[in-house]
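Written out below as structure tokens is the structure these notes cover.
Here the chain labels run A, B, C and D in written order, and each chain numbers its own residues starting at 1.
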Amino acid sequence: MDSVFANITMLLLFLTPVASAILVTLVRKKRTIGIITICSASLILVQVFFLVSRIISEKTVTAFGNMFYVDSLSAVILLSISVVGLVSALYSKNYMGRQYDNAMIDDKHIVRYYQGFNVFLLTMLVVPTANNLGIMWVTVEATTLVSVLLIMLYFKENSIEAAWKYLIIATVGLSFALIGTVFFYYANTNVTSFDDAMNWTNMVHNSKLLDPNLVKIAFVFILVGYGTKAGLAPMHTWLPDAHSEAPTPVSALLSGVLLNCGLYAIIRFHVISSNTIGSAFSSHLLIILAVISVGIAAASIYFQKDMKRMLAYSSVEHMGLISLGIGFGGILGVYGAMLQILNHAIAKPLMFFASGTISQKYETKAMSKIKGIIKIMPVTGALFLIGGFALVGMPPFNVFLSEFFILSAGFQSGQFLAVTLVILFLVVTFAVFLRHLIKMVFGNPVVPMKKDDMGKLAVVPMITLGSLVIVLGVFVPQQLQTLVHNAAMIINHGGFA
Amino acid sequence: MESIQLDILTISGSVLLIATFGVVARRGFMDWLNAYRHQSIVLAGVTAIIGYVTGIWEIYIAAVLTLLVKSIAIPKILTYVTRRLDIEFKTETNPYISLRTSIIISALLVALSYFLTQQIPFRSDQVVNVLLPVSMAQFFIGLFVLVNRRTVLSQVVGLLIIENGLFLFTMVLTHGVSLIIEIGILVDILVGIVISSILLFRIGRTFDSLDVTNLANLRDD
Amino acid sequence: MIENLSLLQIAIVLFVTGSLLGLFSRNSKFTRMLTFVPTMIASFFTVLFSVITITGKPFHFIIPNVLPFINFEIFADGIAAFFLLVISIVSFAVSLYSIGYMKEYETTKRTSVFGFLFNIFILSMILVVISNNSFFFLIFWELMSLTSFFLVIYDHDREENVKSGMTYLIMTQFGTAFILASFLLGYIQTGSFSFDVFHNSSSSFPFLTKNLIFLFAFIGFGTKAGIIPLHIWLPKAHTSAPSNVSALMSAVMIKIGIYGMVRTIFDLGGFGLSPDYSWWGLLMIVVGSVSAIIGVLYAVIEHDMKRALAFSSIENIGIILIGLGLSVVFASLNLTILSALALVASMYHTINHAVFKGLLFMGAGSVVYATHTRNMEHLGGLIKKMPWTALLFLIGAISISGLPPFNGFISEWLTMQALLSSYQIPSTILQISVAFASIPFALTIGIAAATFVKLFGISFLSRPRSEHIAKIKEVPRSMIAGMSILAAICILFGVLPFLGISLLDTAFHLLPHPASPFDAITLQNNSAKSFANLSMPVVVIMLSSMAAAIFGFIKVIGGKTRKTTFSTWDCGFGSLDQRMEYTATSLSQPIRTVFKTLFRPHNKIQKEFFGGTDSYLLKTLKVESVTKNIFEENLYLPIISSCIYIFDKIRKLQTGKINAYLLYIMITVVLLLLFVRLSHNV
Amino acid sequence: MYSIAEILIGVIQGLAIILLSPLITGIMQKTKARTQKRIGATILQPYYDIIKLIKKDEVVSDQSSWIFKVCPWINFVALATAAFFIPLFLTYSPFGLAGDLLLVVGLFALARFFTMLAGLDVASSFGGLGSSREMMFSALLEPALFLTIFIVALTYGGTNLSTIVAAVAGATLLPHPQLIFAAIAMFIIVLGETGRLPFDNPATHLELTMVHEAMVLEYSGKSLALIEWSQAIKLMILLALVVNIFAPWGISSSITVATLGIGFISLVAKISLLAVIIAYLESTIAKWRLFRIPDLITIAIASSMIGMVLYYL
């Protein structure tokens, strides 16, 4: 792709949400702004598809000099952002409309919500495309700020609390990430000119020459910093609060995509650090944090009372699994991790949407008060089950495939302790997660209710995701295989496929 | 580098640390804000010196911005937001660890920072040698303040100290080359403060208190 | 080959058709037809496929690169085809049965969902058996678990059903984790997920790996098969499921656990290893013996029909495992002929158990269909209202009790002979250990007969124990037909064992087999003398001629006599009623007392008096005998409660206080930095 | 293959058990009467009883089903068929080709299975009581019997009865100490299987002590005759087994009139002697409490276990 064309492509990609945000601000009509956002999200999806197809054929695209750099790894993240973005936008229409009808929010807040939504998409789109690691950091920080605004949309006690914790913890965490980034930069300035020392491509290029000790310290900062953002334990503490208190479509975005952005950043630095000091150091750190994450998530789910909070813990678990895949390494592990990113980005929003619809119907998020979903809302209930089974890694759903690869990689890498622990934790998670899920889905409702699936627009995004969950479990299209394979190669072969 | 510059830098470094300790050692919000303001002014000065030493003109812009944002805008915003708050909201009466112990721990954190940064091989860059541990110490003390304090306001201040440490750190190591990033960071901080002010306001209204221990509805135990 | 593939394709398409037809047809009369008739036809095609495969060449089929690194591979050799045959025969009968049976649920539930799950369940079982790739094996394995889970909680209005479903699902997942570990250990040795590669290169695996692979597979597949102490899901799930599903689960699904073990052992070259590996067989024998004896002991005290049948499944799995274990032990000691004998015994019992347990569960289902209760204490006298069901159930009961001339006897005879042959084992210790397995085995057979006396006697004979039994009717014809198929096989495989044995010999490539029906099953001892013989056709001829002779004799001597019907002897006290009958609980009371160490029975007695508490006039007296489930109480509850204890500690981390959260981050970063700093060598 | 003569002798052996069995019962009853200072009926009394019963009309419970009616027939057919597998005075039986000792045990179990069902079928608490106790006995006796068979089979190379008896006839007991333990076990099992004291009192109709009699309480007429007869056959089979396995003296191993004659006479003598011993024993001991009986069976099982270990050592 020639550079002008690339510039235009990237510019359009970023301009779409900006334009949409501006339009939303100007129009301010409840119904129209939803549609505007849906349009912009679908436009983004189309553009991303286009970009991804280019990536598949050309491997990399750079734009604006070296400022933006898209390779297969970024493409995987972009794909997840755009898909989840679109389904969230679709779901928002119905969900926020219903919240409005229930007098949960007023017109002003709906406008604010859609503004935030678009800006949030924009910031997330920049993260994986930025080549300059400083810009990446700034946009990750920006995602925090935007999402804090979205979380505290309702101004309820809990959402304010969640927003505060999220803001403080994520900011502190990201300051670590900045330190790490600057350390990397500093290490790089020792061997190259100041001008593009901040660029990832340059850093990878020089990675063999960087100072090992500096890189070690820097990676620790990066891991803790972006790990906070990615929800790795023990920095995950903000996550259950924020994800459960946000409006449901935002929860989907936070869990399905934003966490991936954090991990994406870690992966980028992992590549550099592996080149410099061998992959053992960063892999081991990743594995340790990952095992802790999976373990804590497994243990925490048991006592959950709130549906969305449980899902948030499951996100912690999945982030752990992805890092585990990266940590185990080998083509299988990394491949599994990349696939897991996508699979989780499909299954988790499905669960959030379903839980959103369910809590609207039952007027509560407390799991003890929800019973017999399958009778009241057959379609939602079935999809909720499918999503739940997918999340706990039950075949034939998609997450199983990636987990299978990750665990295979664990065996292959000889990390038997970690793999044994993780398998144990997975079984525990399976048990405790499904215990909650099945109690909700089956049985008889506490109070009699009308059978109702809450409208087509609520169901369509879920069915889309649900069918993806099933199809990707047994069949991965060739293009996607190539893309994910290339992404895995980037990680395994020091940055360039 | 001339030794006089180095001396100035060293002295500024200690001033920065002292200002940081000022936050640790005091109880009142306005005291902290003052300490922060002074720290920011020194920070801007240090930035300017670095600009002078390296001869990169962008750093002056960064220095001016720091002065504007950190020592003027942010204290103004915070004073404005908190002007109507009762005095008991503005004082840290009951930190987890007493002030005296806090000071000792902060001192230990300074030592830790020196210990940790020793390993890093630097080019014979005196600026880095002098200021890197300071910035790290600031960072850790800020974090400690966050961990230790119970009121929302002191957490905001802790955050500000961290940001200052971060700014110094970035400045020292990058010499402000990527101005865009510096500005991005500054904007992020500014927006962050604005948002936390909104939140602060909301917390005060919703919870009738600025004690973060009240913000504990969302938990598992 | 080609026609083979198309047979399989037709079958798969039909299963899918059946499931979709079920799903999309409204709750009408035709739903049952639309769902279950395709299942029947598909099962029939699968029978054909497996018979052709057993007699012909193995069947191999690959679609490459469906998934990254993974091909879709199908491979059906004799072993797989044999299990396929078991699956398809039973599923044929059960689908026929279901046409009638599902009427029970028509008013309360959507039978269309049931049909969908039912078809997918059978299909997944078939695909598990012929998968030749660990990934797809797991996919279908879990699909099987998942669909069966949904079928178990099909009646989810009752909370206990959902609970038992959960237990089932969790235990099955526990097992899957082990299977996964076993496969992945194979994977790190070979770098491939294909079973072919495992099979071909297994001889070069290190000793430890091989043992671990076996152990993990044994635990994993054993969970599915319901070995003790991993059995707790089995009685719960089988009881909660609709009876046709219980029939499929008990008859077929748990056999797939056995299939997994057989396959693993074959792939590891287990029937031809050195004596170092004989502990595999010993382990199986020990676990099998324990499962058999404890399973049957729980079965005999049970008064819930389906629960008793479920426990009896554990017992039979134990017997199968004893045979399989013997086979491995013999093979490891290079006693090929004996190994073949034991393998035949175990596989014969596999198909037998599939047939009669399917039959019995369907019988129990018919009882539930007619009476809406599984509790034997409320049944009784059904033989008069439901003569066909009673007859068929009796055939199943006799078969499972291992009585001649039905099929259960043959396989238990073979197993016993295999046990007896242990005297040929060269090592004394091994000899004695194997021989001691005969004690629990013998005890098991004895108690099994008692169990089924109780099951049949209490439910079908004597007087009805509750009022509404008086109004019941015989079940629909399709249900009778479904049961009759399996009953016929019970008799066929009992009277003509050469059928089953030659089937097995062909499928497993064992030694030459009896050619004609009248050839006895002959075993020879060391000195080439006849060790044991059994020719069931001759025995049956003897039995029938004896029957004819005695009948004639009595007629000749006795001449014409009269038969008078009169009420049962009541000791002159006046008419007997159902309250004076023996109950299920009292019937098994002696056994409960003898084995009280296991059951820990205690009686709860509630007395109610006329006029206050300390009067002499008893108004009511209620005695309830409670037995404990020692596994649940002494093994699972402690594990669960310690898990919950840990969870409780860990959730304390999430205190809600932001200071704590920040502290975690601070500690993490400081620790990691110190780690880096200290590990730094200057 | 076997010659016609051999087959004929095989049939005769089977028929001999069937026909002689009431005689053994008669001998036992006579012995018991004598030890109790009674004169007692003639030893042919069981024959008279059977024939009389066959000619009598039947009363059938109105609660019973066809199970009740077929039970006596199945009992008789199973046990009488079992009789054909037993070598009596010739060391082998041509029917040994068709079935072995395990089949005999299986046929016993079949008979008992139906007896227990019949006990439950008549809806009286007597029947249930009998079945319940019988369930316990059979559950415990079965393994004991299997174990004993195990030892015998191991010692003599197979469960094929002809092989066993032929081997026994040609061997001495001395090198096989395990057989002594097997014999002890076998003796207890015979008592239990045939419902003798201290397990069960065949002469009683007291509800507290009945086991077998309780199950068959409702039978009358030819059904009762068949039941009684098949019980006698079972007793005879077991006694013949004990005698031929543990005391094979005098048994014929070839088909000559002389040896066969000696074999027959010695067999009758040995079985009668055993029957007298059992009957005498019955008169001197009382029936045990129900839950002490498992202890006795445990002794049998333990004894077989010792025997088994002895075999392997």
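Here, a contact is a pair of C-beta atoms (placed from the backbone, for glycine too) under 8 Å apart; a residue touches a chain by one contact, two chains touch by 3 or more.
Since this is a predicted model, take the numbers as computed values, not measurements.
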Along the graph of touching chains, what's the shortest path length in steps from chain A to chain B?
1
Does B-C or C-D have more contacting C-beta pairs?
C-D
Most distant chain from chain C, judged by the mean position of its C-alpha atoms:
B
On a C-alpha centroid basis, what's the spacing between chain B and chain D, in Å?
99
Interchain centroid distance [CA atoms averaged], chain B/chain C, Å:
69
Based only on mean CA positions, could you tell me how far chain A sits from chain D in angstrom?
78
What whole-number Å value describes the gap between the mean CA coordinates of chain C and chain D?
35
Per-residue multi-chain contacts in chain C, two or more chains
651, 653-654, 658, 662, 665, 673, 676-677, 680
Check each residue of chain B and list the ones that touch at least two other chains.
116, 119, 143, 146, 155, 212, 215-218, 220
In chain A, residues with contacts to at least two other chains:
164-165, 168, 172, 213, 217, 240, 300, 303
Pairwise chain contacts under the document criterion
A-B, A-C, B-C, C-D
Contacting residues of chain B [partner chain A, same complex]
116, 119-121, 123, 139, 143, 146, 152, 155, 159, 162-163, 166, 169-170, 173-175, 177-178, 180-181, 184-185, 188, 191-192, 195-196, 198-199, 202-203, 206-207, 212, 215-218, 220
Residue ranges of chain D touching chain C (in the complex, touch as defined)
51, 54-67, 73, 76-78, 80-81, 84, 95-100, 102-103, 106-107, 109-110, 112-113, 116-117, 119-129, 131-133, 135-136, 138-147, 150, 153-154, 157-160, 162-163, 217-218, 221-222, 225-226, 290-291, 294, 301, 305, 308-309, 311-313
If you look only at chain C, which of its residues touch chain A in the complex?
66-69, 135, 138-143, 146, 153, 156-157, 159, 162, 165-166, 169-170, 173-174, 177, 180-181, 184-185, 187-188, 643-644, 646-648, 650-651, 653-654, 658, 660-662, 664-665, 667-669, 672-673, 676-677, 680
Quick one: which bits of chain A touch chain C in the complex? Just the residue numbers, please.
164-165, 168-169, 172-173, 176, 213, 216-217, 220-221, 223-224, 228, 234-235, 237-238, 240, 285, 295-296, 299-300, 302-303, 332, 335, 339, 374, 389, 394-396, 400-401, 404-405, 407-408, 411-412, 414, 420, 423-424, 426-428, 430-432, 434-435, 438-439, 442-444, 473-476, 481, 484-485
Any idea which chain B residues touch chain C in the complex?
96, 112, 115-116, 119, 140, 143-144, 146-150, 155, 212-213, 215-221
